[in-house]
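Heads up, there are several structures right after this.
First subunit A sits with subunit B, and in the next complex the same chain sits with subunit C.
Let's look at the complex of A and B:
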């Protein structure tokens, strides 16, 4: 697994309060009841802090799965 | 758990053991035309210092493709590049184990890098190399299941079943149908599905005759009846002569599926998109009208006809930005469909539009992995459309199931959009 994927899952683990082992590399918002819009705001800030990037409004709307978050970070040059 | 593509993670491997024989060398020589004496005659091999006939290099390499094509990663794979070094010659009587191992995975690119090797029964390395492969259309599969969970269970002994698209027998029968844009993408899938349901089909194309002929040949190989129909709907010529030849060949055309499209122009409506709008209108609306002008008389005479236009999910809700010309063209086609359904109903002719969501085809291949992932996550059924999703709906409208549906605009979008 890529380091970015691992770090994203760790952030999700912190935000959702779920052990990181329970967050699959293809986990989506469907997999966790508390992955809601409020969690997404925390997630957005956590991602910006962790990776030193600034996300756009469009990016924020796309924080829907681990894969998507990794894809967004890849577009931002994070690898 | 680790990163995976198509369910395969770094370290996964598969192998196949084969016996090199003179019969295999003979078959490969016949296939490739390489009858070099060193392969064919023991004496020639001896003269070059080899004890027996030398097997062709690609003959052993072919067994690597057997693994890649059938097992790891198997169906869905597209080979992009490979290198292979032959470390020592192989001779009849050698038992060789070809092995493929995943050495690198790129999820974003859906790419696997594979290590290749071939070892003899004595443990000597006969060949080694690397291959880069891409998994196609991963997103169009059900995305809820996590392939990673089953990757560990796959072993070399386990061969995934080979799914030959369209390997179903022909069922039923139906009138001949012309599918414009039938050589590729959704149009091709529609033609294949119609052929499976017993309709003789004509695969329309403007360019790419070879592609159309190959698609038609694939249908014929499955027992269907298919011909190609080359005509550029963007031209000012009448399709009358070509359609009359087609009817002479297949019988009266009882159905038209209009799936032809120019390539996607991405530009804002505020830019100079009028030429682009005209290009779409010419193919969508102009094409439909010029074809129907010729096809309708026989449909009316038979009191039976089916017309289906391919639309787009962009016609529902808010369209995406920078697609003004495309959306305008398809909107005009929607208007034409509604009018035709009213006017042609009394003649026993139905007219409908089927509008799929984002489907990964040649037309949409410039969408990024991120766009595809995001779109799949916004769809209630959580996946992108497959060409077959649309093909089955269209084929139903052409058959008895569609007898009393007309003027409908059907979404194939996996839920409200």
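Let's look at the complex of A and C:
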């Protein structure tokens, strides 16, 4: 498991209030009832604060799973 | 600074910690829930832990007007009403430039009128303090470069609306302006809102500034809920000036207009500002007293001089002892003191010996002293009364009185030479705020220690079955302000009860209480009363008045551990006004 994947899961744990062990490597938005649009705004803030990147509004709409988030971050040169 | 994820994590830990919290209900024209983690973290940091509840956005009237609403089910300890003009009138900024001056002012005024009516409706449902955001100009505007210079522009009109809002809230009990515009300005309007967050989720505040906004809300909620501190006790060496007086001498102190002395001079100026807001300054320093007085008198750059300090404790005794002496000298509880000292060991000593004293954690760099004090909640008074502004001066005048007392041959001569003048009257608009303040803070000379809301005081004052009376004292050395409050209520027939009788302990031992009792007796006589029912309800602090009624010829009616009630008939010569005090009766408000 990549380190980025691990850090993303920790962020999701902070935003959703779920223990990190319950967030799988391939977890998606459908797995969590409270992963709603408000959580996505918090996730956007959390990701930017954690990785020092700036995401676009369109990126925010794509924060739908651990893998998608990792892909967006990889595009931004985060590894 | 913590990242957003860290703040969310800290907030979860704090919420699970079991620390008692107060419920803050938030009504807003935007989604405010994003502030929850920051509000939790910042309020815990201030020692005033909040658990926020957020109403669905833009539902002000629905939530406030219905007694069965989710809002009132929360039983909030405080409310924050945050209404932004661009949310409740989205076309305002775009249409206003085309309107004539009258129509423009009316349209903007409608937003304020709506806000005020929401506050008034909330006030009828709860006694909790209400914070009300003032207005910041919308930032998504084109062509507004010269708006600040145009009298009819939205930014100009909002300045007037904010002033009007402040006046209206002043007339509503326990409703206070929350300086939203101030927070936006401190951050910069362009940076305050992150357009992405706004469009994604109606989040009005960028992630980087949420802790700051939350801290401002938490500080305001604390300031309107708790009693303010009364005194600030200051160390000297490396706190008020750089260097060590005993080693470096007066000439070697770091203090002046150039760095590094300028940092200490600015700090002294800020402390002088606190004194002007009614806080008493005092010194607790491990130094020779004579050297300290010399430094205060002779250093050319000193802002704070001997006259600015209500007490100076300079000795080699432990600081907790100095703090206790200062509290005693100023007639304050140690719990109303703030201790400011650069030395971590002294701070720890005071914390250990006197846990009631607030101790501010100063950073190692003196540049950070000001910011450290900015976050002390007890230094923000929501309302400055005339008595607050003059408080420090009044303590100085006390010193002149003490000098007179030392030279007078007996008490009678001393009291005569004081040339006291007492104004007496019934509560009105100009006195109610101070009366309310005294009712809620007087502990020692207070026969019943009954605390009342402002509205309750007003109700008794307006009732034919009640009287709310006051006494204001001045003497040869200055004005002591409004110092006595009495509340009379008709008990039955011609018997009137002294529901409340209290006096500022600064004027004890001058027969002022007898003058006030004589005035109260006169009021009862005028109302057709023939006897006074007095009550003493003991508290740990009210022992100075435990014999008040006994020594004035009252007879005990009933006695329990909670209270003793007394009775005495009024007679033409009792109670008599003392000869050493001139009487001036004030009619009307």
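What we mean here is this: the second predicted complex is superposed on the first by the 79 of 79 C-alpha atoms of A that agree within 3 Å, B and C clash if a C-alpha of one lies under 4 Å from a C-alpha of the other, contacts with A are read in each partner's own complex, and residues count from 1 in each chain.
By definition in this document, a residue touches a chain if its C-beta (ideal position, glycine included) is under 8 Å from a C-beta of that chain, and two chains touch if they have at least 3 such contacts.
Given the structure is predicted, the values throughout are model-derived calculations rather than measurements.
Trainee: Check whether A:5 is in contact with subunit B, with subunit C, with both or with neither, and answer first, second, both or neither.
Mentor: The first partner, subunit B, only.
Trainee: Could you tell me if A:24 is touching subunit B, subunit C, both of them or neither one (first, second, both, neither)?
Mentor: It touches subunit B, and subunit C stays clear.
Trainee: Which partner chains sit in contact with A:68 here, subunit B, subunit C, both or neither? Use first/second/both/neither.
Mentor: Only subunit B; A:68 stays clear of subunit C.
Trainee: If you stack the two complexes on chain A, which partner ends up touching A:56: first (subunit B), second (subunit C), both, or neither?
Mentor: After superposition on chain A, A:56 lies in contact with subunit C alone.
Trainee: Which of the two partners, first being subunit B and second being subunit C, lies in contact with A:37: first, second, both, or neither?
Mentor: After superposing on A, A:37 lies in contact with subunit C but is clear of subunit B.
Trainee: Give every residue of subunit A touching subunit C within the complex, in rising order.
Mentor: Contacts found on subunit A: 10-11, 14-15, 17, 37-38, 40-42, 44-46, 48-50, 55-57, 60.
Trainee: For the complex, give me every residue of subunit B touching subunit A.
Mentor: 1-4, 107-108, 143-144, 146-149, 368-370, 373-374, 377-378, 382
Trainee: Would you pull the subunit C residues touching subunit A in the complex into a rising list?
Mentor: Touching subunit A from subunit C are residues 3-6, 8-9, 12, 31, 33-34, 196-197, 199-201, 203, 207.
Trainee: Can you name the residues of subunit A that touch subunit B in the complex?
Mentor: Within the complex, subunit A touches subunit B at residues 1-2, 5, 24-26, 28-30, 62, 64-65, 67-68, 70-72, 74-75.
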